[in-house]
Every structure is written in structure tokens, then in C-alpha cells.
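Chain nomenclature is as follows: A, B, C and D, assigned in order of appearance, with residue numbering initiated at 1 for each chain independently.
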Amino acid sequence: MTMSSRADSSRADNRTLTYGEAVFEATRSEMARDPSVFVMGQGVDDARGMFGTTLGLHKEFGPERSFDVPLAEDAMTGVGIGAALMGMRPIQVHQRMDFVLLCMNQIVNMASKMSYMFSGAHKVPLVIRAIIGRSWGQGAQHSQAFHSYFMHVPGLRVVAPTTPHDAKGCLIQAIRDDNPVIMIEHRMLHNVKGVVPPESYEIPYGKARVLSPGKDVTIVGISHMALECVRAKHLLEDAGIDAEVIDPVSLSPLDISTIAASVERTGRLLVVDTGWLSCGASSEILSETFERIGERRHFVAKRLGYLPTPCPTTKILENLYYPSPQSIAQATYRLVRGESAPAWVPGKVDSAEVAEFRGPF
Amino acid sequence: MEERTNSPAARLYRSMYLIRRVEEEIIRLYPTDKIKSPVHLSIGQEAVSAAVCDHLEKSDVLFGTYRGHALYLAKGGDVPRMMAELYGKVDGCARGKAGSMHLVDPSVNMMGTSAVVATGISNAVGAALALKMQKSKAIVVCFFGEGATDEGAWHESMNFASLKKLPILFVCENNFYAIYSHVKDRLAGPGLQARSKAYGIPAELVEDHEPMKLHERAGAAIAAVRRGEGPRFLECMTYRWRDHVGPGEDRIHKYRPDEELNAKIEGDNLKIVGELLPADQRKSIEAAVEKRVADAIAFAEASTFPEDQEVYDHVFAG
Amino acid sequence: MTMSSRADSSRADNRTLTYGEAVFEATRSEMARDPSVFVMGQGVDDARGMFGTTLGLHKEFGPERSFDVPLAEDAMTGVGIGAALMGMRPIQVHQRMDFVLLCMNQIVNMASKMSYMFSGAHKVPLVIRAIIGRSWGQGAQHSQAFHSYFMHVPGLRVVAPTTPHDAKGCLIQAIRDDNPVIMIEHRMLHNVKGVVPPESYEIPYGKARVLSPGKDVTIVGISHMALECVRAKHLLEDAGIDAEVIDPVSLSPLDISTIAASVERTGRLLVVDTGWLSCGASSEILSETFERIGERRHFVAKRLGYLPTPCPTTKILENLYYPSPQSIAQATYRLVRGESAPAWVPGKVDSAEVAEFRGPF
Amino acid sequence: MEERTNSPAARLYRSMYLIRRVEEEIIRLYPTDKIKSPVHLSIGQEAVSAAVCDHLEKSDVLFGTYRGHALYLAKGGDVPRMMAELYGKVDGCARGKAGSMHLVDPSVNMMGTSAVVATGISNAVGAALALKMQKSKAIVVCFFGEGATDEGAWHESMNFASLKKLPILFVCENNFYAIYSHVKDRLAGPGLQARSKAYGIPAELVEDHEPMKLHERAGAAIAAVRRGEGPRFLECMTYRWRDHVGPGEDRIHKYRPDEELNAKIEGDNLKIVGELLPADQRKSIEAAVEKRVADAIAFAEASTFPEDQEVYDHVFAG
């Protein structure tokens, strides 16, 4: 299925790439531009090339610039930091964000603090790509999302692009940044197509994208959930509800102005996260919006995300675990029409990237 | 785990044949999409689980990995409940919440397996600590791949197990690869035995294609652990015939030479053990196993999916 | 300085203990009651005994039941989990919460999921005590608080008692729980005195404590900040503002009813956390309160916490980094009187536990 | 780092005497509360930093720990800015934001130190990787205590450094204790040399009280690393005279025998090196150092505290 962010639908060049191809293109072009950029990660140089995002880079740029590493997430993160301290620009890739839990010490205690702790004597131009898994029985340990962990920590930048266009621009921006950047990818997005300009461009931090304007309710969807929210918006048309869908793109810094301005118009906010709610990105977005406009503008808000449980493996329960276009539409309907409104059953819509996924990972 | 009246070869063959056949059935069933989850097959590696577990009692505690079918079966895990688990059914060993990567059977002390590499190792060491505190006669056996030894968790776990002289056998299934990455591209220096000894843990390597020797050495190591001599490390050279994950072959990826794989398939350990048995005994073992496997699949097919509200169950114990 | 939670001021027995002594008493009494309880951690059996909280336990109960461990946070957490799987009840102690970043994989990928992933076949009765550091130049790596990380994850319980009374009861409850519990302590609280009943008692999860009632504004203070909020309340009296101070005590589950009921009365909420704001406990408390009453009750809210920077070492900057009774009072004054109200300068009050602290840790 | 015209003994004495005197001054000043932060003193351990760093160029990159005064000084770090940093003043090497635990001086490639045990080790390995990629002639030297080798990070770092044959010297200051915990209660097996060799990294142990031999062996190890022979591991036996942290003694805690400590103080390495020099040369070195130390303290006293708004500076680079 195809998705193009309105911002680009005007452009002449309508070349489409998958999200994975966009990530590859960004990496490859930056490696060609700057010899200090290199890729390290488990399997980045193997026959699958991290879902294609690093495929063959070791052949094009040599084995020193794209290489496999031992299963040693903690030290490999530290190695990336150390190389960055010496002026290199490492890109590290984690097949699953679940494994990044092994890197927390280096990311939080070291990378995020070096510029500050040493008053600018050190800088850490490091990019960490973390892929959120889902579907086909990933189970509790291959399906987690921890973007809120990085949003919590000063000194880190966090981006979670949804469209191929933004994936390319965010990654280029991240690689050129002198600071540690966590790039959140979602496995369900890798095969999604969208318009991607061939030339090089950067997506600035702290700029949210209105994926689809609307007047009745503001739906903020993070990463893959932005896609599901766009589908929910279409379902909602059948209930006569016109939803505005916003993709934050950049989670830290967060563009709360765009979100708050929208809520100021609609008076309703639904935040849909690809993660758990408690102390999650959704709580931050809701809180900042309320702090920003709550005093002068009454509004209602709700959060949707993973169920407050680990992720079950069996498909029948896994389906309940994730927000779907239907559940998003249903929650939006209630938010807009109230609990007393007559029952409404959203239509069916197929999330192809989920339905077609056969993994294995 | 089964009746000891049989010869070791017979017990090994029964165990290895069961593993082989269960996984062949998984390969057969996979295209039906009834198994909606990643599967990490042990075909080619059956001998290690079978040989080690033959020396274990129900009360001995076993920790393994996502590549856990062989281990679960060798320890005497319930076959129907394993198949139902792969089907995501409510009669599965974890009611469908675990799938292939997290098999568990407390009735035989087969602990639930982890899909995050090396994370079960320190848990195994902790279990051994508990057994020692509880003055239990049981021991712990901890399985992992050679890739897991890359992790700091392995270092910390080996050191602590040795420091406390814990009743644990570490079994490394060295199949040369972590996904498509060869051990020589990840492991520096003289190898795992030297590393193990540097923790003060006696280590031994057993080559592939010597299933009976493996059985004998595993028995010796386990006996030493039982005598309270502290941890032992066993490096078992073995080989994965199929793709790292999924039911298929992976020759197209060319990360390993075809000849290497062919030679391994040639020297099939199952065949080696089978040939040690009189044909009629082998046949009767196979017949019994075939029935168990067929029954298990029928059980899985007949089982139902969990009810929706089960999604909320067991977040907390009690 | 002394602090007693009202809930107990009625009781006949007015024995006071320090927070550290209360933690010690809880540990010791549970070890005496249940032979499966043991303590493991770096230095727990040394001459300082983890700020006295484990002092001499190895002598009283033997070196198997309170022992030092190598510097191996990841595996030691895993060892605790493994022992818990076999029916033991380990208590692990981390001198600083910063080091718990090395334990995230075991805590989140393993401990929090075992009950669920194996449908009850396993349980993990593990207690992890994590101490938040502050003052005397702890710097960026010995001063962090990550309670929100654990609040984010289903399958974990998180308590952050403020009073010695609650410290004892929370720890006893945690030790007896069949689930992994993270107990958040604050170094500044260890020497604070309060009334502690000698007998054994449990503080239930999900029950917040109103430390001091009031009608104008609801101030929620977490851990050490609850103490600072009580001081701010006294400063605010001079401005004629009557603040209600609530200590959540239990962070996961969270007692939002008590907080929401208070805000419903006061119409104003200030959450003061001993941690960063973004995706922190303060954002969750604000969000849940808003979701609970926002539709029917208009209120205003604000969050205070650490500055959005790493913690600076030099005292003069460190003082700016933390909320103080003055800054809390000032923020409350603005929240209640509005931005246009005349300037008001809160009085000085001495936070003895901070001023007197000489560490070193 | 200073002019090489001097004899090694003279250079060592100058460096060790500077470290000793700076830390003695810290002890003297501490009660004034002007140094509002934990200090981890190296008194008794000066020889290791001095002997190793004497072989380094400015361009060589040094990683250390919170016990970093000696290293910072031996590498030629700016003394006045170090004292100002301990005072929390704006002229400190990190404008007061780092304090004693995080000294840094980029002008001599003294990298900022970490207070989280073992976390700097993989950073050092990464720096060595960068130097190799950049075809630099410089090398990396990474200091840590024996306690850091307990950590998985050490295992992963040693393995990777060996795997990639990186230009790095690992220097373990084995002072027997991690806070009050003895190495024998944390380290199982034959010891760190065996472990290092198990990673394929040549290792050597140098006993305490042989400062000139230490100097010579460090020189040999560094030369090998410079020749591109890959990593080397040096285990330097040493001893901390003062408490783990803070300016005081710690005999009251009785975690180590008084005789052990007394013997170490008896065999003071500073005295050993000093006696190798003619009295007048020793005196002139001491006089020069005394002046440097006095000037540094005066500088720190005279410096001011950072402005409030600096609290927001440098969260991000650029």
C-alpha cells in the first residue's frame, strides 16, 4: 500500500520508495558524502542486510565502513560512542528495540551526558536505529517500544518518522547532527511505499506533520500508528466525523505548538502510541498540550496504545493487544459523540503491512 | 528421561528421533500458516539435547533458548502441549502466550526459554544458587549457543558460578553461526575452553558426529557437578541444517559453503545412533514416536484458541 | 528533622526511626520470618552496610543470606530472578539508581514478563531497592531517577515511600509479594526520622497518602519531593494559600482516585517529581487525572522536576537543578493566583537533610 | 609528557611527586568544604599513571575513571584548571560541571572520565577503532581498576579489541579492593592474565614497588601496540592508602589488615624513585612542583563560580 505525506504530493518528482529503501538511500548517500560515516551492527553486512536497509554497503564502501559485530550490545554501543568522540559518525542498528535495553547504560549514562558533563569538550555524533517489532508471533521480547525512555533523558534526540519521505530526511539529519540521535523505526513500516525525492534533504527536529487536516478531533499517531490513524480517519467519515491526523515525526524535541494549535481548534485530542501508555510518549503529549492550552481552552483527551500487558504470541490475543483502525475510530467516535451516543460500528479496513507480514522477524 | 532399562543408544535414538520428527512435522505444517510464529529448528543438533538430558532427573532444572524444541522434548516436555503452543492454542504449555520461542514445562523442570540471547544464563546460575541454598540434590543445566558467549552476561555468569561453586553445567551448542555470522568473526583468541578455564571452570570440547562419546562426556561432567565439585563447561560442536529461523533451507544466502552443510547432513548423528540398534528395536522406537507425534498434532488441531479476556491474565502472579 | 505521616499520629506508640533504620528493620524482620528471604548486593555486608540498611545482617543470618557480589549488575539481576524462580525471595540493593540502567534487560525483558509469558508457570518474587542520589557533587552519573522506566512496564510494581513508616511497610509488602517490585529510595531520606510501629505491617499498593490536607491547590510530591512540598505548603501559608500535599507512595499501581478527588475540590494540580519531566511520573499523574475528571471539571496543572539537563556537579548550579521549597511555593503561588498576580517571595526554609549531607555518597 | 632530556627516574619522580602533592593538598583543603564533591585519591598508586604516561605523546588518547587525578596529571593535564574544577569554579576544566570524578583535558587527549565502573572501557576501544580507521599513529591507553573487570563490558570490550587488532593498551590498576570488597571475593579462577590471554591479548603482571620495572614493561607494551601488533594488557599491582572515597584513612572499617597497609606505606614508590636521584635534582624537582601546586590552588581560589544560566549550556553540542 502507498502513503504520501501531503507536504510532498505537490512535488513534480513522484518517485516512490519503500521506507526501508528510503533508509538505505539516506545511509548510502551520507556514506558517500562523508567518509567518517560508517555502519556497525549485528548482521548489517549479511545476506538480508537488516531488512535491506544496509544491504551491500560493505561491498560498496568496504568492510571497514559497514561491518558485523559480536553479540555485545553494551560494549558495541560504547564502541560507537568512543568512535564518535574521535570524530567518526557511527550508525548503529538494532534489529529489535528490545535489545536496546542492554545499551541503556551507555546511551543514558554516557552518550547523553558527555557534551554537558564536560562542558562541550566532547561531542557524540552517534545514530542509533532501533526497530520496533510486531506480528507473526514476535511475542513479549521482540515487540517492545521504548522511545519514551529516550524522550525522558536530556541530551538525546529522538525521531520516529512514519513516511518514507521523513525516514530519509530524519536519518540524514541525524547523521549530520553532532549529538546522539535515536531513530525509531517500525518493522511494519519497512515495506510501506511513499514519495521520496532523490536529492538529499534534512527533516528538522521539532516539526510535526499534519498528515491529514480535519476539524472535529485531533488524532496524534506515533510511528506506525500514524498510518493506522489515517485509516481510522477514513472510517470515521462514515460517522460524519472529520479527524485531523498529526504525525509528531520528532519526539524529542516535540512540536507541541502544532498539536496544541490543532486541539485548540478541535477541542478534542486522541493520542495513539505504538507503545505502552504509562509514562509513555502519549502521556507527555497530553500533559504538554494541557499545560499549554488547558487554562484557556477546555478540551477532552484520551490515550490509546498497547494493552497494559506483555505482548502475547498467539495471533488471536495479539490482535487485541494493538490499537487498530477500528479501535482507534471507535475511541474517537466516543470522544467526539460522548458515551451516551448511539453505538457505531466502524467498517473493516485492511492493514496490509500487518496482514501480509510473515516475518520471521 | 524414559525408562532406564533401555541401552543409552536406544534412549538417545528415541529422543533424537522424536526431535527430528516433530521438527519435520513443523516444516510440513508451516506453509499452512497454522504456526503463526518464528521457529528456530534444531534439526542436525538433536544429539546435544538428547545426550545431555539422558543423564538428568525430573528434578534437575533446565534452562535453554528460543531454539528450544529439542531441549524441551529431550527433557521430557509434554509433546501435545508443545504442538498446541506452536498453534497458539489454549492447551499449549503456556496457553498460546509463549509460542515456539518460550516453551515451558514446570512438571519436568523445563524452565521457560528466552528469546533475548544470553539472558537465561544468569537466571540458570541464580537457580543453581537457590538449589545450593536449599541443599537440594538437583542440579542446573544451562544451554546456549556460541553466540551467547559474546555477551557480557556470559562472563558475569561464569565468574559468579565459579566463585560460588554452584551446581551447574554450562552446555554451549557451538553450531558455528549466530544467524549468518561465523564464530570466527565474533570470537577472538584460543576459544571457549580457554575462557572457561580462565574462570576456574573445567571445560571440555566434544566434536560433532560422536553422539555416544558426547553422551559419555556429558555423563562425566554431570556426575562431577552432582558430586558438588562446582560448575562444568561443555562445548558441543554441532550444526544447524536449516535456516537460523523458519522452516526452510538457507543455501541461497551463501553465508556457508554447501560442502560444509552437505558433509554435516551426510554424517547425520541420528543415523549414527540408529545404526547402533538392532533393526527391529529401531523400528519399534520409530513406530512409537510416530504415534506420539501424530497424537500431539491431533491434540493441537483439536484444541481451541484462548478466550479474549485471557489477554489480561497472569500479568501478575497470584 | 522529623516527619510523621498523619495516618499514624494517632497511634499510642510514638517510637521514631530514621528511614534507613526502618528499611533495616523491615529487612531484618522478614529475614527472621522467612528463610527464603536473602539480601545480595555490592557492599551489603561491608562496614557501611548500604547506609546502614543492611548493616550486620550477614553476621546475624549468616553469609549465605546477606552477601557481597561482583560488579556485575546485569548478571546479578539475572541471578536474583533465577533464585526467585526457584522459590527464594532475593532483595537486591543498588547504591545508586544510575547503575540500574545495567539491569534493564533482566528487569524488563525477563522479570516483568515471566508470569505472563509462561501463563503463570513461573513467578518472580524479587525486590530491587534502587537509591536515588543527590547533593555533594554527585554529578551527572550518581543523581538520576528512573522510576518512570519501571512505571512504563506491565508486570512490575513500583513503590516510592517517603516516610520511615511507609518505607517499612512498603518493603515488607514488596518482600511478601510474588511479583518483582522496584522500591525507590532517596538518599536524602535515609536520615529522616519518623514514627515507625515496631510490629510488622504492610502498606498496600495503589494507596496514596494525604500528607497534609488543604483546599486551594493539590500538590503531589514524589519521594523526597513530598518532603519539600510539605515545606512549601508552610511557606505558602504566608501567602494565604492552603495547599493539600499528597504522597503517591505507590507509583505502579497509581492511586489516581485520591489525587483526582483532591483536584476535583481544589481545581489546581502541581506535580513535583524527583526526576525529569518528559515521559516521567509527573506526566502520567497529570494525564490520568485529566482523563479521569477533565471532561467535567476544569482545572489547571503544572509539573516541576529536575531541570531538563544532566545534573551539574558544582553546588551553585546543582541548587538550580532541583525543585526547592521556595521554587515549589513560587510555582504554586503562580498556579493559584495567576501570572498577573503581584510578585511574592517565599520565605527561606532549610532542607536539613540536603544542607547537612556530606556524602560522599 | 615533559621534556625527555631528563632521566626516566627524574620524569617519573616529577610526575609522581606532583600527584602526591596535589592530593595531599586536597586532603588539607577538604575540611574547608571548598571541594564540595567526592574525591577518589590515588595516593599510593601514583607510579602506575606516571610510568605508563611517560611513554605517551600528547596525541595518544587516554581513558580513565573517577579515580582520575593521577592520570590527568600524569598525562599533562592543566593543574590550575583541575583545582578550579574541584572547587566547582568556572575556570575548571569542565567549568565546574564535572568535578573530581569527571576530569577532562582535550588539549592533551585526556578524555573525560566516567564514574560508572567499566563504562569508559568500550569507549576507549571505540576510540582505538577510530584511530585505526583514520590511519593515525596515535594509540589509546585505557585505565581501570580490577573491579571493572567483573563487568560484562570488560569482556565484550576485550574480545572486540582483540578481534579488530586495535591499537590499545589496557592498564588494570589492581589495588585488591573495590570499595571494601577484596578481589578474591569477586574474581574466580587463575586471574586476569589468563582471562586476557583467553581473548588472545598478551598480558603481563607487574608487582608493586618496582616502579622502574613497571616503567620498562609499560614501554615495551606500548611499543608493541605502536607497532600495530594489536592490544596489550598490563596488570599493575598497586595499593590505595586512603579510603575508597574521601580524603580520610579507613582503618576503622577493618576490611583490610593494618599490617597490609603499613607495609605498603613503608615501601612507598615515591621514595623508591626519589632515592634514584641525586639529592639536589630531587630538591629542584620538588621546588618546581610545590610552586605549580601553590599556583594552581591560588588560581582555583581566585576563580569565580559559573553564572546561573550556564546550567542550561552544553546539553547539546553546537
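In the analysis below, contacts are C-beta pairs under 8 Å (C-beta built on N, C-alpha and C of every residue); 3 or more make two chains touch, one makes a residue touch a chain.
Quick caveat: nothing in here was measured; it's all calculated off a predicted structure.
Least step count on the touch graph, chain A to chain C: 1. Common neighbours of chain B and chain C, by the contact definition above: A, D. Averaged C-alpha coordinates give centres for chain A and chain B that are 36 Å from one another. Centres computed as Cα averages put chain B at a distance of 46 Å from chain D. With centres defined as mean CA coordinates, chain D is found 42 Å away from chain A.
Contact of a single residue of chain D with at least two other chains is seen at positions 97-98, 102, 114, 116, 150-153, 156, 159-160, 163, 185-187, 315. Touching of two or more other chains is recorded for residues 69-70, 72, 74-75, 98-99, 105, 109, 116-117, 139-141, 154-155, 308-310, 312 of chain C.
Taken as a contact graph, with one node per protein chain and an edge wherever two chains touch, the assembly is complete, since every chain touches every other chain.
Across the complex, chain C meets chain D through its residues 42-43, 46-48, 68-75, 98-99, 136-142, 307-310, 312-317, 320-321, 359-361. Residue ranges of chain B in contact with chain C, taken from their complex: 61, 93-95, 97-98, 102, 104-106, 111-112, 114, 116, 119, 121-131, 133-134, 152-153, 156-157, 159-160, 163, 313-318.
Listing the residues of chain C that touch chain B in their complex gives 38, 64, 69-70, 72, 74-88, 90, 105-106, 109-110, 114-125, 154-155, 157, 178-179. Of all residues in chain B, only 150-156, 159-160, 162-163, 185-190, 194-195, 197-201 touch chain D in the complex they form. Chain contact summary for the complex, chain C toward chain A: residues 74, 98-99, 101-102, 104-105, 108-109, 112-113, 116-117, 139-141, 144, 146, 148-149, 151-155, 252, 276, 278-284, 286-287, 290-291, 294-295, 298-303, 308-310, 312.
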